[in-house]
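Please go over the structures that come below.
One chain, chain A, appears in both complexes that follow, with chain B as partner in the first and chain C in the second.
On to the complex of A and B.
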């Protein structure tokens, strides 16, 4: 649950909201709510599907259903999914730290530092990352409370009215940007089910996790719209930092975004770890390896190089995150479970014949 | 073995990366800006004045401390084609790096504000160092002169203006306009920016020459500057600014002086403790109708009337209601007739009430605003005469029974 909440959070509160704001203005919070509802439904359906063969991940399931090469094809797709996800995670991580705190530091420094921490966490495995994710959830809640205390006096509810001003269809369409955030969580569910002990409750837990993450996220577009105004929010690449640097508690506690960024970074680094872990896992399935660890360094090198190329240019990064990535990630995250589900209907006897995962 | 090699490699890498502090800024290398003034320069240039605090001299003691100059601030000026160029030009003679993060106030000269402030908003909201809570004001004087004027009890003028804003709510004659609110009103449809006005007035009395009243200029915060888009259109008087405040921010307190019912030469003072305002719009026959309803709760804080308070309370309440209504109508008249600029956020209320109609008329909203029919109804209550029931009159028994 903690892992799912963490992987959705960091990008969704800032970068995503700025992008949604540019499309639907003050309906950004509504678009996020619609995205949450879609996320809850998809997470539930995917987890239910995975429960038909809880000992297999999605790659293994595809392999058993239609053959090894098809399984490898699915592994490539999942690897590409995490390659793109890692780029958007790094856009979030790097621009928060570099643009607001260390503008003179070279971009490569942030990419290398995130990779080092990410590889360290991924190397120690899922249990260590899960424990870390509990700290991440604490960080998310603390960050939410800090920004709420610092902004509540500046809120003007008139800024989010009228509701659905942009119309239902544009608001729903804009939710695709938030969908890319829960897409990471759904992929996680599809890959990690064999590692979960009490998989029987997974569908409900997955849906609840996405819902809880959504609740902690939706506070941000509401605050960004009511405090900064939707028009101002949509001007910025990292909208949440604009809110954070405007926050103040009373007269004496100003500019505490340095404290907030520490909590944010904890959650963001868990995204980095999970990306590296999942990409290495799919790479190991592709090469037929039993352990994912030998793939960590090469995967880190590929993901790091691609992410560096993306974040080195702000305009390229935003073009990729806002325009290209939703069109790549959503077909993968919605299409894969659909294809596997259809295959399962036709070849479920074949799957049941296999007792152990490959 | 592999683990040890990995550990060694990672340790070395971390050592290399930790050996330098990229982007470090030593505090004694910084010129900490506490106020910025922007005026028009020659040849279409921007004249940027900054007030830099001298930490050694700004510790609150009088006279020159050891190693100090006795001057708590260091004011410098540079010009450039853009604000950023002017800021960089400061480095030609500033011995320290100009640091914006502790800036209290941005003062805009009237000429500069009339020319357009879009580039100023962009520069200061794009800059990660600046606080979004920095106050932004307009002055009819030279902005550079305003930021160099020591006001009040503070040794740093920027801090003095900051505190003027902090306690301005008890006077309620100028809006509390910071960069966040300015950016919001500048970008939003259905509202126009309005900024507080500061000016230099001879209000200070020199301790050395107390007989020369007004020998010291002080920065006075009162009134407001009206904008349309990014260009300033004119000024609101203190009373017009007072009427504007409930439309754009929460009013904590303000005072109302009313004439005594029996004698217009004598006055009573009421302190408004709470003022709630509701604005409703209607769209009838292609005309916008605005209903403003105010509910005020006031205390009697000074009684100059001869008659007992209990006898004239109703008349005073009526006078307060009329005063509140007139105040709003005066502001509305200035906004609609004089400046034709919706500084009262009426467009925002209309947009929230009539979203479909708004889409059709928003591009020509100022025309609709100009012709809008604004009606005001105030409901007032004088709930307390504070410590005394009635005015002290020599020889009177001071009891309710006697009246």
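On to the complex of A and C.
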């Protein structure tokens, strides 16, 4: 649950809101709410599908249903998904720190630092990352409370009126940006089910986790719209940092965004770790390895190189995050379970015959 | 004779052969004494006692000799017919309470070197090992570490049996078990594993036993050797086995289902499994009112954060993120740093090293000189350094507060670990600002999350989160609310229901007035 909440949070509160704000202005919070509802539904459906064969991940399930090479094809697709996700995660991590705290530091430094922490965490496995995610949930709550505390006096509800000003269809269409955030969580469910102890409750837990993460995220577009205004929010790449900057407690503590970024970093680094872990896992399935650890360094090198290429140029990064990535990630995250589901209907006897995971 | 042959050699019925072999092995150490005697004049039966001077009680030796020389002479008729084995001698002649027969030479030698007296008689292919251990030892005093304001003042000594007795005195339960082992090929150090049967988790004692049995080392001079040889994370800076000088702390740990390892010749007893949060718990948290205990525990957590992070945060803010410092404070810091020629990172490292230098010098020096070193170091050099413009006053404050905070952590090894971690965090913060701080801090957190102590997660019950164990972590809940021991214990019950005290019968409390 903590992992799902963390992997959705960091990008969704800032980068995503800025992008949504540019499309639907003050309806960004509504777009986020619609995205949450879609996320809850998809997470539930995918988890339910995975529960038909809880001992298999999606890659293994595909392999059992239609053959080893098809499984490898799915593994490549999932690897590519995490390659792109890692780039967006790095956009979030790097621009938060670089643009607001260390503008003169070279970009490569941020990518290397994130990779080092990410690889170290991923090497220690899912158990350690889950515990870290628990710390991450605490950080998310603290960050939310801090920003609420520092911004509540500046909130002006008139800034989000009139509601649904952009119309339902554009608002719904804009939610695709938030959908890329829960897509990460859904892919996690599809890959990690065999590692979950009480898999019988997975569908409910997954849906609840996406819902809870959504609740902790949705207060950000509301605050960004009511404190900064939607117009101001849409001018920034990292909108949440602008909100954090405007927050203050009394006169003495007039800027405390660094404290907030410390809490934000937990969630962001968990995203980095999980991306590396899942990409290495799918790479190990692709090569037929039993352990994902030998794939960590090569995967880190590939993901790191691609992410660096993306984040090195702000224009390229935003073009990829705002325009290309939703069109790549959503077909994968929605299409894969659909295809697997259809295949399951036709070949479920074959799957049941295979008791042990490959 | 080769080592293996020496170990396997057994006593023969010829006293002369036995003494020659023993003398050949023990040679002429001045503290090894031998006393020859004739036990039964009629049969002219010769005997010999081997003992180590300084490790034995003279009274006990005199008692042994008196028994053999006086009562032995009084045996009528044929000696061999009356007492044909050492078992009979043990049962019918000797008056000492702890005696065992040995057949191997190696056992006899180990006994002699451990303070027992070996008695050999002509015609018997065995030896009698009589416990006569007695040596000068430090009396029970207040522990040098783990001091308390309220609580018992007795601390462990270098004598293992005194130490176990201090715990036995506190737990008068037959389920309290002590298992003996010997570790160290040459030192043959006595080790006792202590636990509460029925309370300790299944498999934990076996695991401890196995790890101790695996130790193959020439000597164990302190429990620190054992700690390093059996811990789960040998490469970690964190200590995954706690040590204490306090018998009450050991007793409390045993009641919670932990295992204690007593090592002879050291007052430090090991406790396991150990959790990180334990290092912030002091004994008097439990003896003071729970409000007070909880408050001081929170103070210690703050001290931990200060000790770990304050210099790094200061260096990071002053070097990279000046805009985050409140304006008035930034002006004060800037005015202090105006004349300082060094970058803030260099200044911080210099001051931290100077502090560590003073701490180490103060610790190693004789006490009165040590105090003088501290005073000279902290007051005179600090003041002079500020006046000379080498360091800023703010940096002196930061380093001093950090140092004081590190001493507020009750456990010395935890305090040292935090002190060590401070340096990489400081360097990373000084070189990469927030990025460096975040990267190193998270790597430390991941590392701490990944390690275990005898099967238990080191950061439990915080991560993984165990709601039932939260009553004794950040806060110390009142005793009447702690209904069961920690979840790693096999025991389910600590006290009965409704133990919260309240006035009996009356609603307002107090005695009824007639």
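Note that in this section the second predicted complex is superposed on the first by the 358 of 358 C-alpha atoms of A that agree within 3 Å, B and C clash if a C-alpha of one lies under 4 Å from a C-alpha of the other, contacts with A are read in each partner's own complex, and residues count from 1 in each chain.
In the analysis below, a contact is a pair of C-beta atoms (placed from the backbone, for glycine too) under 8 Å apart; a residue touches a chain by one contact, two chains touch by 3 or more.
A quick note: this is a predicted structure, and the numbers were derived from the prediction, not measured.
Chemist: Touch check for A:258: first (chain B), second (chain C), both, or neither?
Modeler: The second partner, chain C, only.
Chemist: Touching A:246 in the superposition: chain B (first), chain C (second), both, neither?
Modeler: In the superposed model, A:246 contacts chain B only, not chain C.
Chemist: Check the residue A:116 against both partner chains and state whether it touches chain B (first), chain C (second), both, or neither.
Modeler: both
Chemist: If we overlay the two complexes on their shared chain A, which of chain B and chain C does A:134 touch? Say first, second, both or neither.
Modeler: It touches chain C, and chain B stays clear.
Chemist: For A:106, select first, second, both or neither according to whether it touches chain B, chain C, the two together, or no partner.
Modeler: Only chain B is touched by A:106; chain C is not.
Chemist: Report for A:52: first if it touches chain B alone, second if chain C alone, otherwise both or neither.
Modeler: neither
Chemist: Would you sort A:228 into first (chain B), second (chain C), both or neither based on which partner it touches?
Modeler: A:228: touches chain B, not chain C.
Chemist: Would you check which partner chain A:173 touches, where first means chain B only, second means chain C only, and both and neither mean what they say?
Modeler: Once the two structures are laid over each other on A, A:173 reaches no partner at all.
Chemist: Which holds for A:158: it touches chain B only (first), chain C only (second), both, or neither?
Modeler: The first partner, chain B, only.
Chemist: Check chain A for residues that touch chain B in one structure and chain C in the other, and list them.
Modeler: Touching chain B in the first complex and chain C in the second, residues 101-102, 105, 109, 113, 116, 120, 254-255 of chain A appear in both lists.
Chemist: Could you list, by residue number, the parts of chain C that touch chain A in their complex?
Modeler: 317, 320-321, 323-324, 326-328, 432-436, 438-439, 442-443, 445-447, 449-450, 457, 459, 463-465
Chemist: Write out the stretch or stretches of chain A touching chain B in their complex.
Modeler: 99-106, 109, 112-113, 116, 120, 154, 158-159, 161-162, 165, 227-229, 231-232, 235, 242, 245-246, 248, 251, 254-255
Chemist: Can you tell me which positions in chain A touch chain C when the two form their complex?
Modeler: Within the complex, chain A touches chain C at residues 97, 101-102, 105, 109-110, 113-114, 116-117, 120-121, 124, 128, 130-132, 134-135, 252-258, 261-262, 265-266, 269.
Chemist: If you look only at chain B, which of its residues touch chain A in the complex?
Modeler: Listed in rising order, the residues are 10, 13-14, 17, 22-23, 101, 125, 128, 131-133, 166, 180, 183-184, 187-189, 345, 348-349, 351-353, 355.
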